[in-house]
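What follows is a set of notes on a single structure, which appears directly below.
We call the chains A, B, C and D, going by the order they appear; numbering starts again at 1 in every chain.
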């Protein structure tokens, strides 16, 4: 009899609340007594393929697993590669990188909020968040030429200079976003039903969160002020003034609020970057010198950089490099082993979603069936990123 | 000739005309088509979109649901391997029938009703009680865990909302000291509508109505991110259309009921117009339609409650509220307040 | 004796079927059917990979595919379009086949993204499947990821296909 | 930092050195990995960022790398420790550190899935990322070949 007490529920991979994974949930009535996420449905072997590609070809590759958050993944890889090459981008490029990273953080957070909304039944929040992603993607498109897959950061700088009129558009977008966040607050974030659904659901206590190693907003919602932008500042972050958003509750609602408040911090950063961006080249002078005079002239005129020919077979010296950056979902960690050939000998990428997948088990045991989507959405779990 | 005359008489007799044409099946179909279109358009408006548009552009895609129905009609009907075939195929039909059936007891004017009984106030909720049983059956017969959970949730919700609903109806019966809907509507002719007389009962009934028809924020039986579409998960083709239709039919019937009991029925229309049975009926229909619109509009405002929260609300708050409404009605009567 | 009885049993449903078949072959009925299906393409909720983000953007305010009656829906039994959103991994391919079989006829498959065409950037991965090997694909939408306009275009192409060629009946 | 760590680890570690700002390299023997983990955990390094390996078929060894840092102690968080150890390619056995760092669970499962390292004491069995039916060796080993661009591709 005792075995039949529990109902084994297979959720996914085709299920509106599962995303790209299969969840095996054991239910005792409405209570979850066993929870096992079965991931790997989007495992596309990024780490193995990277070993067959040149260093420049890996840039688009690392973006694909985390499509809503490409800029930060691109940035992390570029930083690791620059460490291997022993170069550093010029200051203006550093600011432009920060700019794109923050724009990307905003629209990635909006993506997370929207998915969280639809998971607990608010289709309007989903639509609004996705509608308000568009201005930011439009901005990024103005800067880089692509909607999602920017490939903007290259070793030694960035691909394009700031286009004309960008500052006005960006400021307009920040003002719009601030206005919209107030609307979100009324409709969704502090809607009584939302609060009832999310508060005290899926709690990760402070020491538990540190022990199981979750990252990003999930960690910060549990009261740990860990943000790579402050711990190990990169790009222009040391010169910028912003706060790390921390909440103590550790529940789903706290994670949602962290996301909302981080959008405000990102807006603050974008405003500072637009004001303070220094003049100068956006690509390393020593690389620009390698270009043929004609191409160099053209690049100077259009402000769109061209790769020097050496980039086709970029050969970093033998060695290892690690880098970490704070992507929208948390810390991305890269570890590259070079053997001096044009392809990396070993390429390792640890994504935030992969490190957060462990949180499901701890946050959901003993909760109810309806809490699965509420917690899932709050972790902002993006399966392709986790599976790589 | 006699036969034709007989058939015409039969068709226009209230016993046939009411359930089949107005306000029965035919009107219901049109109302469903329009209300779902409105639902999608309204949600789209809130969500900064257009919603269905190109299917018949001059009228803003109003026939979108007709296209969907045609698609469902011609789609393959799949009976899952493990399903109990008879129950699987029969229960949606019965569900739909029982969801529409109460319409016969709702009078649309003082002289226009199929069932001329003194107990119509009770007939409508009583008939509606039968429908959820078939949701349970179809959830069970689908041989799918999500359908099963959905069916169970419907069962739980049924227990929670029906008590409230009946107590609220009882409160209105006390207020009007009558069990006949015609009487009740008649007593509101002085402009004192039920919603003014007993707002507590109106509110409790309205929330119970949201629960029974699975509207937001009590969408727990069809909560898509948890249990796909609940009991209807395995239904394809026109059978899914029937299940969907049943839920809207229920909303329609309850909205008519709400309009008659709480919103004054056909009352704004004055005496000469009352002679034609259709015109007062249209007034009721318009009121019911507005109630339906409000119900479906909630979709774009609220997320959904968890099942335990919905039940808690049903048992703890709403039941208390409905009991309070009975007390209010008794007080009104006790003060010698004569209605109508 | 047994034979005739058997024939009777076989004949009985076939008469009803014949009538319904005759009816559905009528020109106006066919026209209505095509019109209905072409304006009511419901893709099933099945995100295979990262193109899902752009797919979601397609039904959201700026692109609003619901204008065309394109309503992403949750259950397999009610939908008639299977969107392969990007890479199909070995694990996911099994699910994709099951979902395709669960969907009622008539059904259509749209492949989104370069990965769904021939692997795209992941062409040499050990864990991917090319969708055309396991599913009858109707329309491809190229790009990495395709822009939402491209997704809407692919829906339009399916619509045109239905209108021009019609769709097979399940029993044919 | 390197000094205090090497003091804490004593002769467990064969090498403790700072390789770049904020990065420390610790080399230990495979048998000492759990003890090293325990001592580092006592120091406040509370989570694992990455568990992975690099295959060196020529030297017949699989270099396993743990990247460790801290969340709760923000001074330690500025450092990422790179704990390296080597195992035999043909018999890659390692004790699991999940007892000390639960955050290593999925990372170790991934490493055992993709690199074929057996972690003793890892409770979860079965594959993590690859399908159960996956044939062929661990894909991240160097002898697992995939197609490459070129004339013969």
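Criterion: a contact is a pair of C-beta atoms (placed from the backbone, for glycine too) under 8 Å apart; a residue touches a chain by one contact, two chains touch by 3 or more.
Values in this document were obtained by computation on a predicted structure and should not be read as measured data.
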Q: Sort out for me whether C-D or B-C is joined by the greater number of C-beta contact pairs.
A: B-C
**Q.** From chain C, the most remote chain by mean C-alpha position
**A.** D
**Q.** Distance between the centres, which are taken as Cα means, of chain C and chain B, whole angstrom
**A.** 34
Q) So, what's the distance in Å between the C-alpha centres of chain B and chain A? A) 46
Q | Rounded Å distance, chain A centre to chain D centre (Cα mean) | A | 24
(Q) Going by the contact rule already set, what residues in chain B reach two or more other chains? (A) 47-49, 224, 228
Q: For chain D, jot down the residues that touch at least 2 other chains.
A: 130-131, 139, 144, 146, 148-149
Q.
I need the residues of chain C touching at least two other chains; which ones are they?
A. 60-61, 74, 89, 91, 124-127
Q. What chain pairs are in touch here?
A. A-B, A-C, A-D, B-C, C-D
Q) Can you list the chain D residues touching chain A in their complex? A) 19-20, 22-23, 46-50, 52, 54-55, 65, 67, 71-72, 74, 77-78, 80, 82, 101-107, 110, 114, 127-131, 139-140, 144, 146, 148-149
Q. Quick one: in the complex, what on chain C touches chain D?
A. 89-91, 123-127
Q) In their shared complex, at which residues does chain B touch chain A? A) 43, 46-49, 145, 149, 216-217, 219-220, 223-228, 299-309
(Q) Touching residues of chain C toward chain A in the complex: what are they? (A) 44-54, 56-57, 60-62, 74, 76, 87, 89, 91-92, 95, 98-99, 121-122, 124-128, 144-145, 147
Q) Given the complex with chain C, which residues does chain D contribute to the contact? A) 130-131, 133-134, 136, 139, 144, 146-149, 153
